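Look at the two complexes coming up: chain A is in both, with chain B in one and chain C in the other.
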Partner chain A sequence: MRSTFMGLETARRGMFTQQSALYTTGQNVANASTPGYTRQRVNFAQTEPYPGVGMNMPQLPGQMGTGVKAESVQRIRESFLDVQYRGENNKAGYWQARSDALSKMESIMNEPSDSGLSTVMDQFWQSLQDLAVDPTNAGARSVVRQRGEAVGDTFNYLSNSLSAVKRDQKDQVDVTVKEINSVVYQLDQINKQIGSVEPHGMLPNDLYDERDRLVDQLSSLVNIKVDYVKSGGNADPKAEGKAVIKLVDDNGSEQGVLLSNAGYNKLNVNYKGADDSVNTITVGAQTIDFSKMNSSGKLRALIESYGYEKDGQSTGIYSDMLNELDNMAYTFAKEFNDVHASGLSPNEIAAGKNDEIPFFSGASRADVAFIIDNTGSMTVPINNVKTNINNFASMLKDQGIEANLGLVTYGEVGETGGDPAKNALTTDISQFVNYVNSITMTGGGDTPESGLEAIMDPNNGAISYDAATGDLKHIILVTDAPVHDVTDGKSTYSITDVANALLQKGIRLHVVTDLSNTQLQGLSDPTGGLFIDINSPDFGTQLQKIATNITNDIGSKKGYASRIDVSQAIKDSLDNIATATGSVPSAATLGDSSNVKALADVINQPFDYGNNSEQSDFRNYYQNVIGGMGVLSQEATRLTTNSTTLQQSVDQKRQSVSSVSLDEEMTNMIQFQQAYNASARMITLQDELLDKIINGMGTGGR
Partner chain B sequence: MSQEKLIATMEKLLKLHKSLYDLAVKKTEIVKANDMDALNQLLKDEQAHLAAIAKLEQGRQQLAADLVQGMDQPTPTLSHCLNVIEGEDWVTLDRLRSELLDAIVQIQQRNDLNQKMVYQSLQFVNLTLNLVSPQPQAEDFNYGPPTKVNKPGATGLFNQKA
Partner chain C sequence: MRITQSMLAANSLRNISSSYDRMGKLQDQLSTGKKITKPSDDPVSAMKGMSYRSDLVSVEQYKRNLSELHTWMDNSESGMKQADSALQRIRELVVQGQNSSLTEVDRTAIADEVSQLQQDLVKTANTQVAGRYIFHGNDVMNPPVTQEDPPKVADNLAKSEINNYSVEVSDGVSLKANVNPQNVFNQELFDVVGGIQTALKKGNTTDLDSMLTRLDKVMDTQSAERSELGARSNRLDMVESRLNEQSVTATQILSDNEDVDMEKVIMDLTNQESVHRAALSVGSRIIQPSLLDFLK
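Moving on, here comes the complex of A and B:
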């Protein structure tokens, strides 16, 4: 038996469903300008027909439909366009960050211009030419000094500005990492919320929209791949599920999991590479080596400009440019100093000796470690050190270098008082004299002693003194006997190994010993130190030679561009500028300008500026460096424009699919409204039928 | 003198390249807007340009060969011509050469962008096609003995016979 009110119920269902469709249309129209909103539509489905099959089913014709229901509300979104968009967004993020970094560097280097390095070097060269015309002209000398200071200032400024921007990049990396972690955390929260709605059979469309917006944001920072995992329960087959986000490289292979069903992993950048550069990135428990990670995105661009470790060296846009500046400044200063030191200045001619004055200096402090043999025969040399140390320190101070002195005593390892004993570095000369006074002599005589241990012992050897980069590092070994080495079995070190270790640390070792003790020359020669006679009657003069060597040392190449400055001697007196050549001071004349010409030539001579066995002169090398930077910057700008255009084009396609078109919504409104009206009309009809049955039947002829 | 003719040819070449670059810029906008008719029209314009450039290029090579008759170079280039000419003409020719190089680099970069955009659109089109077209049956790739069973065949999303 069909029910009485079946038609009424069917029409009622029609009205309700059309109403829900109108509600959804209203929702679309209201959200027409919400960013990230995807239009929704209602899926209509028929309700179960009557009667169902079974043994006791009523014998009615066919199965009659019973109306309509709103089965689900679904988003209209094209997931392939999402994938395309995220790819383009990722590339755009990378090139954008990279071109920003490069354009900042370009504006600092400021070439070609009136204030760039090449103009300053040209002016310096010009001033040398002017001095060559009349070497006695004090005005020309003053100009040379001024221009020299300008060269130093320019290098300092470039190096410091680049370092400051490099530190900025590091801050930006940290900010980006925080952003990534924050977005992944938000995604995790949304995943959980979606996971609690979907098992009920409903589709959380607004949560999906929010999740897509966050994934878009994440894709510009790192390269990711998104997969979806079904939430169980009574989930609708159209439900998207929870997102699993993996960090991938540019070939698509997976490198780490950022977000999964179980939770999220934090991303961290580790600065443990050479020179504080980035070496690895950890995602949760997984560590990825940055130089092998090919995943593009804003994070990678920022790390590349800051500096990362590759093959044990720190490389990166800013690191490389700072290295180039150091290379140029160091090589130029060293060659210039060599030519200048070999020349004679008016002061040197008047004094009658060549003081080997450097033009450029490189450091303000020198760590000088004295290693003194404390065996019985050394009483006289130790006294000599004590009496002459003040003179030594003041010689260094005159050149603007503060002496930081240290003392290591040694004898025969194993004998009492024979192990290396180290005293702390101090700038107080009287404290150093106290150290020397407190040396207790042990036995030993003239047999070999454990000198190499005194250098190399990791706790008590001179090599363990902690020197800041940029300070000059020197060791003065005072002994009258040879040292044990691997050949006589009483030491674990060999002379060549020790020399290499010293070279690697940039330490110069000077030897004060008996001139017949040629074994120790194997330590002083490779490191650039002096070999001095311990038995010389005028110990003070010998120490002075070492002091001169120290003041001519401009220190290590690393960071030299930020330290380069005109030396104290030149700043004190213009007459210290070496204009004349010749090895005999008494035969030199004040009007001889040949050294100035040689100095002016330094800028034109080919040297190995890049430390890669290729020779070029200063201008060519600098042109190469600037040209390389310009090419990188131009490419980055071009690719930024390209990838932004592509990203916008995909976004337009995406919007054409998912955004609200008011015309379409209006048309749909008409459709749903008329369907609503038609259902309402059906209800009126059913009402009339029922009215006829109830009030008009069975009263025969009334 | 063939020098003036060479300079005139270079000027025309430069103008054509510049308008080719404008066409490339327009193409980017058209591809963004997905406008097929305009794209077809543009392609015809481009063909006309390319034909004109090819002809001018031939003429230029001929003129260059005339200028450097002395040396036996199989393909005389502008650099060789620059060695032979001097004075004002040299300055003009040098300027034209660098401007032409710039224009060519610009066209190249713009074409790179256009290519990437068309590739992107093609990805989408291919995806859609793969969704609606039937998958080829693995058994149909080779000949084989005729089987009695009538395979229904994959019909994709549409019933094409209807």
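Moving on, here comes the complex of A and C:
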């Protein structure tokens, strides 16, 4: 049996549904310019027809429809396009960040231009040529010194600027990590909120929009894969569920979980590689080795420019360029110094001897560790050291190098006072003299002593002195006896191993011993140190030879570009610039310019600038470096443009599906409005019908 | 494909922005006159530019070095000319002095003139140019003739090490600037002149004969040195003209590599401007109207 008011109910349902469709249209129009907004649509569905089947169903001809309901409000979004977009966004983020880093480096290097390193070297060469043409001209000398200082300044400036930008990259990495963690945290909050709404059977469209916007942001930072896990309860089948976000590499294999049902994991970058470079990334409890991780994104680009550890070395856009500068500056300065030291300056010609003056210096401090044998026979040498140490230190000081002295005493390991004993490094010469004064002599037993222990002992040996980068590192071994080594069984070290260890650390070892003690030459020769006679009557002169060797040492290659400077000797006097050839000091003349010509030619000579056994001259090598940088930068710019174009093209498709078209909404609005009017008209009709029944029936014949 | 207002607006903006970008690049090129401002614009061009610049610098430097060579050679030439005329005069005086009919007074007068000429020779030998002695080879701070009366030359005059004041005129190529001190103002010359004075004062004609032979030999050596200097001077002129040509060529190569063709850039800029205006106009026409304007 049909109900009386069924028509009314059907029309009423129609009106309400059209009204909700109009509300949704209003919502779409209001949010037309909200970023990340997806247009919503009401899904109309018919309500259950009457009657339902069952034992007591009335016998009616067919089932009658009962109206319409708004079943759900759904977002119009294509999830495949989202996946595509995130992939392109990820690549665009990577290339954008890389291109930025490279273009910053290009503006620092400033080539080709009239003010870059290339021009400065050309001007230095010109000044040397001018001096070669007239070696007696004091003005030309002054210009050579000035241009030499300009070369040093330019290297320093480039190195410092690049280091500053490198530190900025590190800051950017930290900021990006914070951004990633913040986005993941927000996603976790949204996940929880979605998880609390969906079991009620509703679709939280605004939360979905917000989540998609955050995931898009995250995708430009790291490469991610998003999966969805259905919420339980009475969730609508169209409900998306909670997001599970995993860090993947470019092949798609998982590397870590950022966000899951259970919660989120923080991402952390670890700077424990060589030279503070990045070695691993941790996501929660999982550690990923950065050099094996090939997942792109902004984070990766920033870490690659800052520097990461690969095969034990630090590599990266800025690290590599700083290394190139160091290599170029070091090789050039060393070769230049060698030629300069072999020549004679006016001062040396007047004195009649070759002082081997270096042109470029490299350090302002030298850590000199004296290792002194404290067995009984050593009293005289120990006194010699004491009396001559002040002269030694002041010789170094004259060349602008501060002496940082340390003392290690040793005898026979196992005897009292025979184990190596170390005093702290000090720049106070009188303190050092106190150390020497407090040496107590021991027995000594058999002639070889434990010298290698005194060098290599990890706590008390000279190798354990903590030297700052950029300091010169020298050891002076003073002993009258050979040392125990592996061959005689009383030591665990061998001469060749010790020499290799010293070479690796950039330490020069000088030996002051009896000239017959050739065993110890195996330590001084490979490391570039001197072999001096302990029995020489003029100990002071011998120490001076070591001092000259120290002042000619320009230190280690690492960081040299930031330290290079004209040496103190040249700064003190223009007449220390070596112009004449040094083959016969007594016959040298002031007009001889052959050494200056050789100095000018150093720029054109092929050397191994790249530390890779290939020879080229300075200009060629530098051009290659700049060319390489130019190619990388050009590639990055090109790929940024390409990936941005692709990203925009996918975004267009997304917009095409999901963004609000005002024309469409207006058309829909007319449609819903008319449908609403029609339903309203139906109600009026039902009202008339009922009026007929209630007020018009059963009043016949009145 | 469904298009919405926001897509149209975004597209319009993007196109106008890339048009600005292109105009910006053209403006850079026009104001610097160079095709590239950073290596990534054209890495190969940048590398070549650096190398051509260095080449140009070295050619200009070698041209500067040449002026020093000119100074030396010109001054050596005039010094030797003066010495030559002095020696010619001495020769005449010797021939005159060989005449046995001269009185002692006459011979003394001749000897005095020879003495004056000797002093002139010493002064010429010790010629200084910009504070440097040009007839002492490398040893420019010490005079070649250390003692005036009787003239003694420096000890190292004969050493070969000082005979190469060379100046670089090309990569690895040097030209010698000085004359060989041993061939020009050597001890033999001054001994001969001194011997002539003694022989004249003593009236010893046989001595004068041998002196004349020795004088001739000295003059021959000097003259040979002078022609060698002349030959070197010619070579210098050739080097100079070659360097001048090289300089022009290097500048041209550098310009070809880096400089921009002004006319082309200006035309491109004009073109781009009209495209830009069209984009702006079309954009504004599309993004404004929507259905709302037409519904009542």
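Rule of thumb we're sticking to: the second predicted complex is superposed on the first by the 698 of 702 C-alpha atoms of A that agree within 3 Å, B and C clash if a C-alpha of one lies under 4 Å from a C-alpha of the other, contacts with A are read in each partner's own complex, and residues count from 1 in each chain.
Everything below uses one rule, namely that contacts are C-beta pairs under 8 Å (C-beta built on N, C-alpha and C of every residue); 3 or more make two chains touch, one makes a residue touch a chain.
Since this is a predicted model, take the numbers as computed values, not measurements.
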item	value
First (chain B), second (chain C), both or neither touched by A:234	neither
First (chain B), second (chain C), both or neither touched by A:642	first
Which superposed partner A:652 touches (first chain B, second chain C, both, neither)	both
Chain B versus chain C as contact partner of A:80, first or second or both or neither	first
Comparison of chain B and chain C by chain A residues contacted	C
Contact residues of chain A, present in both the chain B and the chain C interface	648, 652-653
Contact set on chain A toward chain C in their complex	32-33, 102-103, 106-107, 109, 111-112, 118-119, 122, 125-126, 129-130, 132-134, 136, 584, 587, 589-594, 597, 600-601, 604, 619-620, 622-624, 626-627, 629-631, 633-634, 636-637, 648, 652-653, 655-657, 659-664, 666-667, 670
Chain A-facing residues of chain B, complex	28, 31-32, 109, 112-113, 116-117, 120, 123-124, 127
Interfacial residue positions of chain C with respect to chain A in the complex	1-7, 10-11, 14, 36, 38-44, 46-47, 49-51, 53-54, 57-58, 61-62, 64-65, 68, 130-132, 136-142, 156, 159, 161-162, 164-168, 171-172, 174, 258, 290-292, 295
Contact footprint of chain B on chain A as seen in their complex	80-81, 84, 88, 638, 641-642, 645-646, 648-650, 652-653
